[in-house]
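This structure is in structure tokens; I'll ask about it shortly.
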Amino acid sequence: MSSSLPSTLEPIVRDVIAPAAEATDREGRFPRAALGALGAAGLLGLLSAKAVGGLGLGLAEAAQGVQRIAQDCPSTAMVLTMHYAGTALIEKYGATELRQAIAAGRHVTTLAWSEMGSRSHFWAPVGTARRDGDTVVLDGFKSMVTSAVEADSYVWSSRPTQGDGASSIWVVDSKAAGLTRPTPFDGMGLRGNASAPIKAEGVRIPFANLLGEDGNGGELMNNDELPVFTALIASSSIGMMDGTLARATAHITKNRFAESGSSICDLPTVRAYLARAQIRADQARVLRDDALAAMAAGRADTMLRVLEVKASAAEAALEVTDTAMRICGGAAFRKDVGIERLFRDARAASIMAPTSDVLYDFIGNALCDAAAKKD
Amino acid sequence: MSSSLPSTLEPIVRDVIAPAAEATDREGRFPRAALGALGAAGLLGLLSAKAVGGLGLGLAEAAQGVQRIAQDCPSTAMVLTMHYAGTALIEKYGATELRQAIAAGRHVTTLAWSEMGSRSHFWAPVGTARRDGDTVVLDGFKSMVTSAVEADSYVWSSRPTQGDGASSIWVVDSKAAGLTRPTPFDGMGLRGNASAPIKAEGVRIPFANLLGEDGNGGELMNNDELPVFTALIASSSIGMMDGTLARATAHITKNRFAESGSSICDLPTVRAYLARAQIRADQARVLRDDALAAMAAGRADTMLRVLEVKASAAEAALEVTDTAMRICGGAAFRKDVGIERLFRDARAASIMAPTSDVLYDFIGNALCDAAAKKD
Amino acid sequence: MSSSLPSTLEPIVRDVIAPAAEATDREGRFPRAALGALGAAGLLGLLSAKAVGGLGLGLAEAAQGVQRIAQDCPSTAMVLTMHYAGTALIEKYGATELRQAIAAGRHVTTLAWSEMGSRSHFWAPVGTARRDGDTVVLDGFKSMVTSAVEADSYVWSSRPTQGDGASSIWVVDSKAAGLTRPTPFDGMGLRGNASAPIKAEGVRIPFANLLGEDGNGGELMNNDELPVFTALIASSSIGMMDGTLARATAHITKNRFAESGSSICDLPTVRAYLARAQIRADQARVLRDDALAAMAAGRADTMLRVLEVKASAAEAALEVTDTAMRICGGAAFRKDVGIERLFRDARAASIMAPTSDVLYDFIGNALCDAAAKKD
Amino acid sequence: MSSSLPSTLEPIVRDVIAPAAEATDREGRFPRAALGALGAAGLLGLLSAKAVGGLGLGLAEAAQGVQRIAQDCPSTAMVLTMHYAGTALIEKYGATELRQAIAAGRHVTTLAWSEMGSRSHFWAPVGTARRDGDTVVLDGFKSMVTSAVEADSYVWSSRPTQGDGASSIWVVDSKAAGLTRPTPFDGMGLRGNASAPIKAEGVRIPFANLLGEDGNGGELMNNDELPVFTALIASSSIGMMDGTLARATAHITKNRFAESGSSICDLPTVRAYLARAQIRADQARVLRDDALAAMAAGRADTMLRVLEVKASAAEAALEVTDTAMRICGGAAFRKDVGIERLFRDARAASIMAPTSDVLYDFIGNALCDAAAKKD
């Protein structure tokens, strides 16, 4: 972990992100000021190489940042996650100028992968790309794009222009002609994300905007993106658990029964709920840390950890926020203690592609394949 | 069950309640039109004796009505539940004129029991009642009253005017001087309830508004109210499960993956989630039916069923709505399929006093007491 | 329920079954004395028509008996369940003489359906039946037959002798030449069942031993057997929960901490565990009662209840016995309080075909099919 | 982790421990040969300082060893855990000669702390110690001592001889006059432990056998023992999960349905069960690793991790072994696949003092205390 990251980030959370969090949720307002502050502090370029003006930090620091922000505003954390997710591919395969813009904090990007037709199976896009000389014409319908209304570019998946590869990945300027964005979703949680479906009809972009090889999108998705995306989404879930547990513990410690003068936390059943939740949160945290360590070291079990880390944290966050709602009772239900929003926001990670259930299937397959090979 | 109740209720749900449900939730709008229609059809007087102009039906029919309405608008179901809860005491102990007003559909009542000081321990109010000749002066702070802003009367708990009884119960005119209602809560669910805290400062009411004996509030709460309240809240939870399962099953049956042409329900894991949820819902339903049968027959295990029925249904509803969110994925999260509201609304029953955890303690005590007596 | 059944059964449980229960489990000893006593009292013929000398009672009474016995000896309850399961088909389709023997308590039967090859998919046997004049020659390998070593006959499934029906059902004399039984299983629970695999090699039986039509086994399984079998297995699980809860409640009520003089049940967390377990048991019980009522009345939802009832009770029994092990701690682990055996025995129902997971799939399919038809 | 440990341990597990595991469980036979082999290889002295002839390794290596052995014989792992638990105190506070005997593999020790009177609250023994010159006379009744019948010494807790400390800790020769051991327990699991209650009546030992200060037992328990004990018990649970998952994965991969030719692992529901179980096991594993890292570094959150690690692993093992029983079905129930024993053995850790529920209470208290101090 970077020791300087907290000193840079903490004032931004305290002065910009946390004060706006309630309105971000209530009004579904995109956290533009937060992105401005993060950009100004260099944090939008956290993953960008120093050569292009970035901080040159790694996934562990990105995870640390996302986790901290998610404690106070999960919408901002998700927007940043998707920006880092796009940046990871652009840094490796993209144009220098674009990389410089990101590093400088002038450009926000995001992933545009999920489709109505393929549902959570984002690895098999049905949208098309047709080559026309130096350009490519994209058609397709993305069902749910974080920051859709506000990002400067989309890292976009389509079928390849030729061959039988699973997909190709492109950078698409969000102002390109032919893109339409219906009204942002009115969702149960993560309401400040400006998430929306995006329709592409005859969108013409330079062929040079291709990331990696035409038809090699699957490799980029699995090898380059999946580790980044799953670690960051998991970190967002962990941050929400931290924020929830801190608020819940404070609530049950400070509020008393008039009848007896005792605190809510004097109830053994409440302490037991809290303890179970803390263990769940800590299990998810250390598994995430271990996943990051596995990736950094190229350990043999890296892919298992990549598949595990998001489901591990997302499912734990369902339980932890549910427990917090229970032990804080009516106060939490009435939005008094700030837990209710984290409860709603935490529901997203489990059903965001690859969903927990899809990941379970991948993990089960991987374990059985390994066992079958043993004989 | 009454065979005529559905024929009366169904058109009201279809034409009045369901069409308004989305706005009731989004805008936190009290379902005034629904109450008007229910009143006009005699259903606000469902529990009222025929002698005062009511339908003279029983708890089973009230449960049937609440359950049906909760499928489409849990806020309306909760307002009606609290009206019936108040009516049950008023019918037994109240003034004829008031009973006639309720029977005629001109008067909506509700319970005002929970207090900030006593938290979920509503059986030990800290608010006071001071006798002054033929009148009583009430002071207290109710933390959360359903229909607070809209009801015509409150069935109000306080300490007794004298003696060491646990409480006394009064009917308080909602327009009485000295009552103040802060803004209704902006809650996570049941947003159309017009729920609010109510402060009573020197509220003067006739002593004749006493329900039962002064100091005997505990008996009214336990013997008269608890069976009614727990059965109706449970029925509301059951209705929400029914509404959720119907929507979820329809969603997974009709939506297909473009990649393969298969439906979501072709996934065995999804079918298994659905089946577990259906069993949970049906277990809660039949336990509720058994509780009603026990009450009607005065069975020896009636009190156990009264203590079980609300927690049984409320906890099942937490699981069932959670499962529905999972199997319907992003569509449910985005409010498309109508499950998200039921998910939020269903969170209330578990933490509404007596909370599931308080009921668990009562049940555990009852079982251990019975075992201790066996020797 | 029959009011005379308890007065007949209670002394048998008290004087014969309960005293032998510990040895039945420890030594894996078949409860022969119990069967003798049940036969002498007419209870092996409980489902047999009065015309053949039976008690002429119904499934509800059979369930009541199995439930009572399972409180003290689940092995005996399972042997009886399988006897009733076989009897249900024999009563409807079998020879009068055999029916008379069962009614008289001289003949114990059982089902022999599960196969190694088909695993839990008993509806698709791979064993064969070859017609030879008035006889049929059976070959096959049944993987797990309750009472295998001790029953007088097996109700046996095979492929039909001709046609493409799924199966045919036969009564096979357990002393027929060609039947071999390996040593009974040394299982984790239900150790007194004398369960074993059975191999049939060229077993010749009269064609007249066919139950129903050749090839119609599927109809007998689904229409005649499934309701009986699932209701009785569920009742066995419910009895185990009753037995477990009674022992656990007694243990935590009577045992005290020397340090403080308080009972284990003075711990609120323990009371909460107990209460949740009691609710789970009661939910399973009332769902079973409702399933019996649905069958008796031919209700439209009968098949749903048939599919639900076994999984509902079996899964509840997993939780309830697990909770009892937890709250009784070391004493339960050390067999002191009689819970440990019920914990082990209760594991069987969930994985006995049709397993809970198979039933979940059937239920999910049924719900989705019904939803698909609505449009 | 030590790289040489596996090369020393693996042949012992393969050649001595695993082959005896089945009989160890079935006959409740103490794993004497395993202890002989471990002693000969120096592994009974793994924690002993090199100065007294030990291997001079640390807790991480002890955990590694216990985890490996628990995959194949949890009884042996538990006996070794208790030996290490006793050794940790003896190494710090005990006599050189005893330390040398342990290091040389000639002496097996164990903890004798749990009492009938204090139940799982081992920190408050009710047994007494009376000083008599250079000797001490012990009276007391230990309810459950691992290796009771076979160990060479007991690390024994009592009230102090004077003062108001919570307890004192002594080394007691297992052959001392006045010690009586009833028959070993016939338990559900860990059947090879030779666990038994031990009664001490006027047992006279040298006062010099005191470990630490008289009355300071609480400090030894909390500071010296708790980290060792919880980390090793957790490691035993993790080993059991590893052994279970390996066997379950092999079973579902290799066994096929005759009907379709597909493997059990072709069922998506089975893969999902397996994946969830693997995540639970890995969460427990990495939390244990983090606890060891916290202890080694003296991190500020060490005590939280110490309190979490045992409950985290023990509860995960309940789930993981339960899932394995489910997905391996009848084969597991019939002891065919070796999972059934691990399932039974895994039940012990959760209810072994400090039980999971006691640890939850400690954790809840710690979290609330920390929150209360923040203001």
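Some points to look at:
Per-chain residue numbering starts at 1, and chain names A, B, C and D are given in the order in which the chains are listed.
The criterion applied here is as follows: a contact is a pair of C-beta atoms (placed from the backbone, for glycine too) under 8 Å apart; a residue touches a chain by one contact, two chains touch by 3 or more.
The shown structure was predicted, so the numbers you read here are calculated from the model rather than taken from an experiment.
Contacts with subunit A and subunit C are shared by B, D. Subunit A and subunit D have Cα centroids separated by 40 Å.
Across the assembly, subunit D contributes residues 268-270, 272, 357, 360-361 that each touch 2 or more other chains. Arrangement of the chains shown, judged by which pairs touch: all-to-all, with no pair of chains left without contact. By the touch criterion stated above, subunit A contacts subunit D in their complex at residues 245-246, 249-250, 252-254, 263, 265, 268, 270-276, 278-279, 282-284, 286-287, 289-290, 304-305, 308, 311-312, 357, 359-365, 367-368, 370-372, 374-375.
Only residues 114-121, 124, 126, 143-144, 185-189, 255, 257-259, 264, 269-270, 318, 322, 325-326, 329-330, 332-335, 340, 343-344, 347-348, 350-352, 355-357, 360-361 of subunit C touch subunit D when the two sit together in their complex.
Considering their complex, residues 267-269, 272 of subunit A touch subunit C.
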